[in-house]
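Chain naming follows the written order as A, B, C, D, E, F, G and H, and within any one chain the residues start at number 1.
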Amino acid sequence: MPADDDVERLAVPPILDLGFARLDTARGVRQGVPEAVLAEGKRPEHVAAIVAGLVEEGSETVIVTRADEVARAAVRAAVDGLEEDAEARMMWLRRGVPQPAGTVAIVSAGTSDGAVVREVAVTCELLGTNVAIQQDVGVAGLHRLAVALPDLRAADCVVVAAGQDAALASVVGGLVAAPVIAVPTSVGYGVASGGQVALMSMLASCAPGVAVVNIDDGFGAATVASRIARAAAR
Amino acid sequence: MPADDDVERLAVPPILDLGFARLDTARGVRQGVPEAVLAEGKRPEHVAAIVAGLVEEGSETVIVTRADEVARAAVRAAVDGLEEDAEARMMWLRRGVPQPAGTVAIVSAGTSDGAVVREVAVTCELLGTNVAIQQDVGVAGLHRLAVALPDLRAADCVVVAAGQDAALASVVGGLVAAPVIAVPTSVGYGVASGGQVALMSMLASCAPGVAVVNIDDGFGAATVASRIARAAAR
Amino acid sequence: MPADDDVERLAVPPILDLGFARLDTARGVRQGVPEAVLAEGKRPEHVAAIVAGLVEEGSETVIVTRADEVARAAVRAAVDGLEEDAEARMMWLRRGVPQPAGTVAIVSAGTSDGAVVREVAVTCELLGTNVAIQQDVGVAGLHRLAVALPDLRAADCVVVAAGQDAALASVVGGLVAAPVIAVPTSVGYGVASGGQVALMSMLASCAPGVAVVNIDDGFGAATVASRIARAAAR
Amino acid sequence: MPADDDVERLAVPPILDLGFARLDTARGVRQGVPEAVLAEGKRPEHVAAIVAGLVEEGSETVIVTRADEVARAAVRAAVDGLEEDAEARMMWLRRGVPQPAGTVAIVSAGTSDGAVVREVAVTCELLGTNVAIQQDVGVAGLHRLAVALPDLRAADCVVVAAGQDAALASVVGGLVAAPVIAVPTSVGYGVASGGQVALMSMLASCAPGVAVVNIDDGFGAATVASRIARAAAR
Amino acid sequence: MPADDDVERLAVPPILDLGFARLDTARGVRQGVPEAVLAEGKRPEHVAAIVAGLVEEGSETVIVTRADEVARAAVRAAVDGLEEDAEARMMWLRRGVPQPAGTVAIVSAGTSDGAVVREVAVTCELLGTNVAIQQDVGVAGLHRLAVALPDLRAADCVVVAAGQDAALASVVGGLVAAPVIAVPTSVGYGVASGGQVALMSMLASCAPGVAVVNIDDGFGAATVASRIARAAAR
Amino acid sequence: MPADDDVERLAVPPILDLGFARLDTARGVRQGVPEAVLAEGKRPEHVAAIVAGLVEEGSETVIVTRADEVARAAVRAAVDGLEEDAEARMMWLRRGVPQPAGTVAIVSAGTSDGAVVREVAVTCELLGTNVAIQQDVGVAGLHRLAVALPDLRAADCVVVAAGQDAALASVVGGLVAAPVIAVPTSVGYGVASGGQVALMSMLASCAPGVAVVNIDDGFGAATVASRIARAAAR
Amino acid sequence: MPADDDVERLAVPPILDLGFARLDTARGVRQGVPEAVLAEGKRPEHVAAIVAGLVEEGSETVIVTRADEVARAAVRAAVDGLEEDAEARMMWLRRGVPQPAGTVAIVSAGTSDGAVVREVAVTCELLGTNVAIQQDVGVAGLHRLAVALPDLRAADCVVVAAGQDAALASVVGGLVAAPVIAVPTSVGYGVASGGQVALMSMLASCAPGVAVVNIDDGFGAATVASRIARAAAR
Amino acid sequence: MPADDDVERLAVPPILDLGFARLDTARGVRQGVPEAVLAEGKRPEHVAAIVAGLVEEGSETVIVTRADEVARAAVRAAVDGLEEDAEARMMWLRRGVPQPAGTVAIVSAGTSDGAVVREVAVTCELLGTNVAIQQDVGVAGLHRLAVALPDLRAADCVVVAAGQDAALASVVGGLVAAPVIAVPTSVGYGVASGGQVALMSMLASCAPGVAVVNIDDGFGAATVASRIARAAAR
């Protein structure tokens, strides 16, 4: 049964095995993106042990996402030298951040989208792109968009963060020629609560060239956007 | 038990009773809007009998909505003199259309919204308002909005018909000072199919002054809009 | 590429740019409604800074909505002279409230709808309309409606706030000739919890002339209603 | 293992076994209601064979529900002597209809609810209750309710059939002292399509004394209502 | 416009108007059921004031439902002499409980349904029926049902409280001849969480004679059941 | 980058490549189950070409599922010698059916579940197990279960097919010691329509030892069940 | 009416009746699985009393699931000698754990699935199977799967625990010949939150031989898996 | 009010106004993508008139999507010289297709995804990229992926089309370094029907670098992918 052997032979890359976690330390090599540690849903001591393992292993860049204060404190206690950003709920160690190449513009519909904007910005920088930020550009006041437009049109990729009706994604999608990555945010109340309406509205966008990531997934948007921007700037 | 007597005493207005239907012939007096006959879901012979009853009873304006070809044929065979519009799926008899007063602007996001636009326009005219129509004004090409804007700003009420992401409702909501009545349409595919996303997006609109009616409910939007426009023009 | 120039030229109105927020100080001019600050979802220090900015900028009326005690305290510490209402979760500065014109009647189905009623009432007053309030008029006791009916029939616009089955919207919609703006409320348990059933029931209303806003969106209902009422009273 | 023996001993009542179906011919004895054959979803030849089996077996009353024209034709070809009603999509053989006892009032919100009203009425009669029917009593014209109220108040149980917002269930629930069984109907379009909104609205009813059955389940409503009415009339 | 006068004339029954609440003190007369105060969603001081108003007004039986400890303390501080039950989250004053007539059997699927069982039992007693309780009769152990069956078969109405798959409703529905009122409960996790699956499963029940109320609505079930049982015992 | 090489080395097993399809002819070796061709959603000519390819390739057993009359005709025209079953919507070629081992009992709640029962039975036989069938064992008549119980208790695995409330899964789950595989069926109307309620009810089952497959997925249930039964009979 | 007697005769097995609970002490005999006590949703004092009752009654193995710290403390205070596991939220008394037979492999997609993995593992051991655990085998790094594959292929049944997209279930389902029991976990955010996407993805799996249990239902998965594994090892 | 003027000045680009449609003929200039005509939901004569208008206007590339046979016939009758593809449901006129630059790899999970694959491929070619296609690469047979991997790794952007559990998106997302655009397809039955599960599964993907478009939106995916690929190849 040859398939069996094949899959077993796959195990060549060094895996750091902690029992409760197996760290894919070769991802940087394979995909050009360091494995990020999603802290939410993990026990703080597990997060700390994983980060410590990656740091000891010599991983170039280490990124922790969706880490609340408790998780960040556990990491801080276990490992020295990580930077952190409370609003983005991130921690990171820059050892191998590549030279910036390409530019990602980030535009948000409102002040409440700030945490997601911050997560996109920090991640993009860690993955080696330049960032331009334009916040609070709701479509209910179109002239605010005019201020933002030059930045959006100059970018290699535009990330739109918006909640509620997420109409900004369609409006921006109709104004720029670069790919648009849309991040629905969970801000809002009533039907807007949780971000499902923003998500669906973005997926149903009447503008061409818009692709969407999970609700509040600033890290995911940044990963796609920085790949696009770096490739465009090669 | 006095409540009992009271409710029984309510029966003063003349009701036209057909057994399977009771016609509220006094609605025109009570609410300034003739009772419309929703054909969909009714057997064609019932629709025809109801219309015949209303015409004989002397109702001023008679309106039939959501009437497919079969229903319209049944009415045509039973009653003479009704006008009809296949795209709007409507039939009507103008006996008491009031003098037009006020203006409703109708703006749609795409050609596919045409049937709803037509239903709004016919109804508004039958209820006594002037109508200005601007079609295919999707937000993915904002400059098309510029052509439409003077009409929208001149109106006493704006009706926005849009499917998919329905972003047009928010954009218009941010540009006009009159009340905006938004009608989600069921056009689109995938998540947009059926109009639920457009509905939710309109309800979650970040623009002030937008209220929403049922999916594809052009008649409902027109009823609200014409009340608003006529009152504003008094 | 002319579209580009156009959008850039849009930036004429003065925008107050705080980095995390861009204030549309011209909205009062453009739409007759001051920009309200939705506090929920924003960090308290951001809410306070936005309010301070608007006050300093000289905005006539400043309105803060959905502000819990923490947000209100932050504003209070930063700016003097705002009035507030804990039940409505609002704060405001009246500098340019117009002369009242027109009347909005507000009717609720139950005592639990009180917070939404209050938000509608305060907002209507700040936007320059007279208000008449009728609370706890559930349809399970129709005779209570009789007490409320004269107020409802005298108004230029009726706002109905109701949760659970929201049947009141349809009953009122059948009794008045003015436009009805329905606000679903999130009161209730089981299937009624969160207000989705009330919302859908209002959208499916069999009564003509009813339009709907987001769940618990008293501010939105008041914005539409006051536009309608003021125009009717011109 | 005694439980095993017990369940095996349960098999005392005679079961008519057709391979693809096992007929519970003792239900009339056990529950006072004959086993009804739900035709929808079954192959027409199976429906016919089941009915033939029940008739030969000597079952007193045989009832077939949700039978379209194809299914009814198959039954007609296989068995003589059944009555049928196309609107209710029912067929039946009256051999053991008990003396009528008690009264069920059936009230509907609109003409489109006619098929469900008919299914409730036929079933109630077959199960031995008197029936009073009041159709097209929508709450948007409350005075129509006044005509219906004496019948509703005289009944031992009231069945309310309504689609869309189903507000009639709450209004009736507040006016009568007998138990109310509510049947949501699938009439309507947009959010009302399929009857989910009517169902949820009835479950969330603010009126006491209302219980609900499945969408369009006239047979189920009639079964509950006739049990209530017959017991009350004992 | 005669309808107007009619509705105004409806106001004959004395309404106790507290501003934030209007008490339907005539409901006992009209429907044989005292108006219950749903505490959940109301401010504690409002609950207390409403109860005090009803007690002073001389209402015979006063019932408070879904009252947490805070609400109950507020009532206790305002009015003397109410009984209460923490598990059922109820308070009540028995002044006019009628002579018990008829019997309601209450059967639950599990221990976790205890709070709903208690709410049904207390309410049934206050409305004047006898109660027989059988708890923890899950269908996964059918022989437990055998112990409960004599009580269920002797009752005039059976209330089934069950969460998760709610299979008990169908099993009981197939074994008794009395009407079955099913209350879905919100116990369970994963897909069962919140009670929607139990609700839908009960509505889709393959057994005849089952009607359903809202999730966790023990008061509603008891209102229907006691009407049925009292009428059957007349 | 070693991972790359590894995955490429995986391609050892012979793949039959038709351009629009790649046939996993080694699955029988790897998993003991032949690759089945899901006809639904494929163009008939593609189905026929795939089947022809597998037959020519020498695959032992070939199975086609969810094949309507059009698809089956296309296969029939292209390849000789396949057996077929219209109710199960299946076609197959038995070249390597193993000796039957172990027994799967299939029990359904109603006659309408017949097509799924048939798909389970045919598949189980093709995968090498004995089959015992018990149909129309609804829980609303528990004594019917007694007839079926000996077969269910003698089996190595029990497949329960049920729609609507799917209560049978829980009842059977409480009576047998073998694993239970539950298949929700899409029969029923109103809330039961489409099988979502049956699916959720089975997942929420209060009985231990029940696992669930997709709605109407008789093939999937049979695959799991026959693996279980054959292993138990080794 | 013989059915009545039959069901009553079912009550032979000894039931331990605590009023609020009826303990099925014969389940071990009937199904080979001790009755587990689901603590969640029960009052702590009830959980403690049930456990005490089972222990006194002499039940061989006693299992408590989904018990938070409060519930566990109540049990600890009432009964001596139970083991417990905080991560699995379980307590148990091993009196009659059978000799291990057969092996269940448990594979998880991520560290966050650890609590469910633990619940599966503890339960499988208590039900008498050997366990092999492979954690954090996400499909985004397929080579990690290679490490796990030998364990998965050697097992009699594989349990896959995964949240988010749950793609691991399909990948494993395509690589092993044993039955796969999939447990969706509620880890993740945005659309993944609550585990519905993982559940649906597992049900829609394109791999043969996968059956699914409720979200986070490690106990349910273990019950099915251990039955399968023990039967296969007989 | 300066904003007004601004928006009016936006109307510079030439708009082709057909009354029911306004054609954005400048989109090619503004965004590098010709305006595509979505035929679905439009009346065939409207589609034909729009295409004729664009062709006469001199638009370089004209693309019609989701055009069934009726729509295509209408276009064919009205305009000469368009190419078409029935499986992709597309028509097009190549007048200005740019020199191909960059490569998009398209990989599908099954034969049923063929129509979407075709729509992606045709669109990518019209927008000026090279295309590499790998079909029927389901994860249930991982070795098939090995055949496809070199193409996927050589591409500037990978489009993954998959229905059901859509696990392929995550597996591919873990193996390539280029951005991945995922298109959920509506193939499948039961819970998979309509493509919602595939959509949600892709959004919840545990792999980095995946963004998602609407269900069956091959055109949307191709628009994003070709922008990415062309920019990367500059």
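Here is the rule we go by: a contact is a pair of C-beta atoms (placed from the backbone, for glycine too) under 8 Å apart; a residue touches a chain by one contact, two chains touch by 3 or more.
Keep in mind the model is a prediction, meaning the values are calculated, not measured.
Asks: Identify the chains in contact with chain C as well as chain H, in label order.
Replies: Chains touching both chain C and chain H: A, B.
Asks: Name the pair in B-D, F-G or A-H that forms the same interface as B-H; by residue number, over half of the contact pairs must coincide.
Replies: More than half of its contact pairs match B-H, so it is B-D.
Asks: Greatest Cα-centroid separation from chain G: which chain?
Replies: The most remote chain is B.
Asks: Look at the interfaces A-H and B-D and say which one is made up of more C-beta pairs in contact.
Replies: Per the contact counts, A-H leads.
Asks: How big is the gap, in whole Å, between where the Cα atoms of chain A centre and where those of chain F centre?
Replies: 41
Asks: Hey, how far is the Cα centre of chain B from the one of chain F, in Å?
Replies: Computed value for the inter-centroid distance: 50 Å.
Asks: Between chain G and chain H, tell me the centre distance in angstrom, where each centre is the average of that chain's C-alpha atoms.
Replies: Between these chains, centre-to-centre, one finds 45 Å.
Asks: Residues of chain H that touch two or more other chains: which are they?
Replies: 3-4, 6-7, 9-10, 12-13, 26, 30, 140-143, 174-175, 188, 190-192, 196, 199, 203-204, 208, 214
Asks: Going by the contact rule set out above, which residues of chain A touch chain C in the complex?
Replies: Counting only chain A, the residues touching chain C are 111-112, 114, 135-137, 140-147, 149-150, 153, 163, 175, 187-192.
Asks: Which bits of chain H are touching chain A when the two form their complex?
Replies: So the residues of chain H touching chain A come out as 3, 6-7, 30-33, 36, 142-143, 156, 174-181, 199, 203-204, 208-214, 219-221, 223-224, 227-228, 231-232, 234.
Asks: Going by the contact rule at the top, pick out the chain C residues touching chain D in the complex.
Replies: Chain C reaches chain D through residues 109-110, 138-142, 164-167, 169-171, 173-175, 188, 190-192, 196-198, 200-208.
Asks: Residues of chain G touching chain E in their complex?
Replies: It is residues 3-4, 7-13, 15, 17, 19-22, 24, 27, 38, 40-43, 46, 50, 66, 184, 186, 195-196, 199, 214-217 of chain G that touch chain E.
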